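A, B and C label the chains in the order they appear, each numbered from 1.
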Amino acid sequence: MLKSTIENVREISPLIHNITNYVTVNDVANIILACGASPIMADDSEEVEDITSVCTALNINIGTLNRNTIPSMILAGKKANELNHPTVLDPVGVGASALRNKTAKELLENVKFSVIRGNVSEIKFLATGIGAGKGVDAAVGDAVTEENLDSMVEFAKSFSKETGSIIAITGAIDLVADAERCFVIRNGRAEMGKITGTGCQLSGLIASFIAANQDNMLEATAAAVIDMGLSGEIGWSNMEKTDGNSTYRNRIIDAIYNMDGNKLEEGAKFEIK
Amino acid sequence: MLKSTIENVREISPLIHNITNYVTVNDVANIILACGASPIMADDSEEVEDITSVCTALNINIGTLNRNTIPSMILAGKKANELNHPTVLDPVGVGASALRNKTAKELLENVKFSVIRGNVSEIKFLATGIGAGKGVDAAVGDAVTEENLDSMVEFAKSFSKETGSIIAITGAIDLVADAERCFVIRNGRAEMGKITGTGCQLSGLIASFIAANQDNMLEATAAAVIDMGLSGEIGWSNMEKTDGNSTYRNRIIDAIYNMDGNKLEEGAKFEIK
Amino acid sequence: MLKSTIENVREISPLIHNITNYVTVNDVANIILACGASPIMADDSEEVEDITSVCTALNINIGTLNRNTIPSMILAGKKANELNHPTVLDPVGVGASALRNKTAKELLENVKFSVIRGNVSEIKFLATGIGAGKGVDAAVGDAVTEENLDSMVEFAKSFSKETGSIIAITGAIDLVADAERCFVIRNGRAEMGKITGTGCQLSGLIASFIAANQDNMLEATAAAVIDMGLSGEIGWSNMEKTDGNSTYRNRIIDAIYNMDGNKLEEGAKFEIK
């Protein structure tokens, strides 16, 4: 399953429209290329519908919102829905400002997302309107742990049912759920949190995977999450003594570039609940 | 010829004004520094004329257009023309949206460019208004090949005659033409296409080279294209087993940093048609 | 002293609000993470006060000004002052355009900055309104040298007295002064100037250090400057034959990631005047 998923990305090489933040945009573009897809970034309201139309999927990330790009996100999202294109929402830092909260709400009301991916604080905020992480990071008390795993799985399934979107909650333990099934994924390393934008990169990766696996989006999302986590492990195993977070960033994207279906199958650590 | 061209960049260290996209801007700045020039990025219409005035050349890239920066491009371009500064246009993704098409047309009508650099789909679109690549990449059927080389050389020369600009069409085979002569360059590697922004970087490099070689812009443009392709080859030869596209990006810019006139002369693969 | 300063950053892990340019923003985010703090970037006027409120310090950088973000800088700066948050101003390229000059003046009039960091041309321009560097680089004739050291130390102290801000003038010799004392720092390497944004990165580092050492901001600023310079030395010592400025960028941030209090104490080269 995982094997064919990644192979489809390389074979189809889907074009992904990204409306994303200017902090991590370069890494998002490079990770999309690394997995075999192709990125285009465009955020002016005068062109986003055109760009969405020539692409296969749309990835919306609210990491650096501004008043010009919010209407672009809505326009592109509606066009993607109209064309039945897969869509991803990454609600970066929701909970940290009224503008992010309002924008996330507006996006959820106007656009149907195939996948919503965030850290646990972000997803909890979307679901309940309560709580907030630490800026763009999850609050410590919010983590998915072995202790609260069953209730978090139920939460993810229930929020999926409510929104009609696949819910990806990523952190030390990753959950990828639709209303019925939840992948519980244990790949990855804590040091990935010391790189800016691993979450944004993952959302770009998910958009690439679901674009190439439209009949199988739950598995495709899980495969992207596993690919990222496993590449975090492989990248770390390639670290030299003097390396730090900047080189680690490169090593993870490099590992995505060198990933193949067999390695992904062998390295995957997950169960389905 | 190539030798003195690159040495002039290091000796003069021209300051280059870039109005460019936010995806690849950091790599553009670093490659300009790597070759010995100095970058400044500024795109607000209130300051672009000031900034162009203190610089030696202007590099305009439409990779992430927005309504605020389009008038800035026109203002800066006109100022650069007035001051007789070398100018580069990189029409990223032209053909993919009406906004890009309209903006490229407006730029060509209002600004005289010393060099227009794009992939073959972008340049064809500028010349004929027909066809489009795949987002920001060239369409497969558009490639310059050994089979269509002579007609593509004629096309490049003819579009140069029409626009008065040096035309740089980059891909597996690169063409750099004025109305009379065309450099056919065979440096580079296909894997460069798996890094975001190698085209944007090359446009910054061309701006640096023509700024320091204003009496010799055709050769300077060809030298920049050769420098990029050869650095792609050298960077690849330095790749280790676990490296991928993210590290390759660094290795190419590093190779530009370590390039000198002799290496450039020795590694260059070109003919003049 | 240096030891506890850096340890406080790792222990407290302050959240830093950055309104900064889109050229070097990714490296700024990664260096803030590397030193143990946490970055958030937000520049829309509708959310900057919210974001500043959930953060511990504010870092304002005018590297790519635009009309939308200038009011955001003022709003965030005033809010940070109201909350008594440490603030940093990085007046990138002041002197190069009327817009940068006007904006820097407006910021100094409306916001009290804990630290102002720039190259010598930028700081001289702020202090005297005269002269200008070369784009975003210092003019050659402006350098702090052994010959003019005493008068530059007096200049820094005097400008600190005038503004009430700690003044950090960085270059071959770095000065970090309040009205009474000036750290003269001789860490660093000239090759750091061949990487875009080492100055911007340093401003993010300073914001992180003063956020975690609010009772001791002069020493904290000096510690951040020493950390950057020493990491430049360590990063250089890790360079391999084919490395250039792009990899050097990674190696410096990696060295910040791997820095600890003892290494910082041992490697520091400074005197107090």
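Assorted remarks:
As a convention for this text, contacts are C-beta pairs under 8 Å (C-beta built on N, C-alpha and C of every residue); 3 or more make two chains touch, one makes a residue touch a chain.
Quick caveat, the model's predicted, so the values are computed rather than measured.
Viewed as a network of touching protein chains, the structure reduces to a complete graph with every chain in contact with every other. For the pair chain A and chain B, the fraction of shared interface numbers is less than half, so the two copies use mostly different residues to meet. Centroids of chain A and chain B (each the mean of its C-alpha atoms) stand 33 Å apart. Among all residues of chain C, those that touch two or more other chains are 22, 26-27, 68, 249-250.
Remark: chain C residues 15, 22, 25-27, 29-30, 33-34, 38-44, 46-47, 50-51, 54-55, 68, 234, 238, 249-258 touch chain A in the complex. Against chain A, in their complex, chain B makes its touches with residues 21-24, 26-27, 63-68, 93, 96-100, 132, 134-137, 194-197, 242-247, 249-250.
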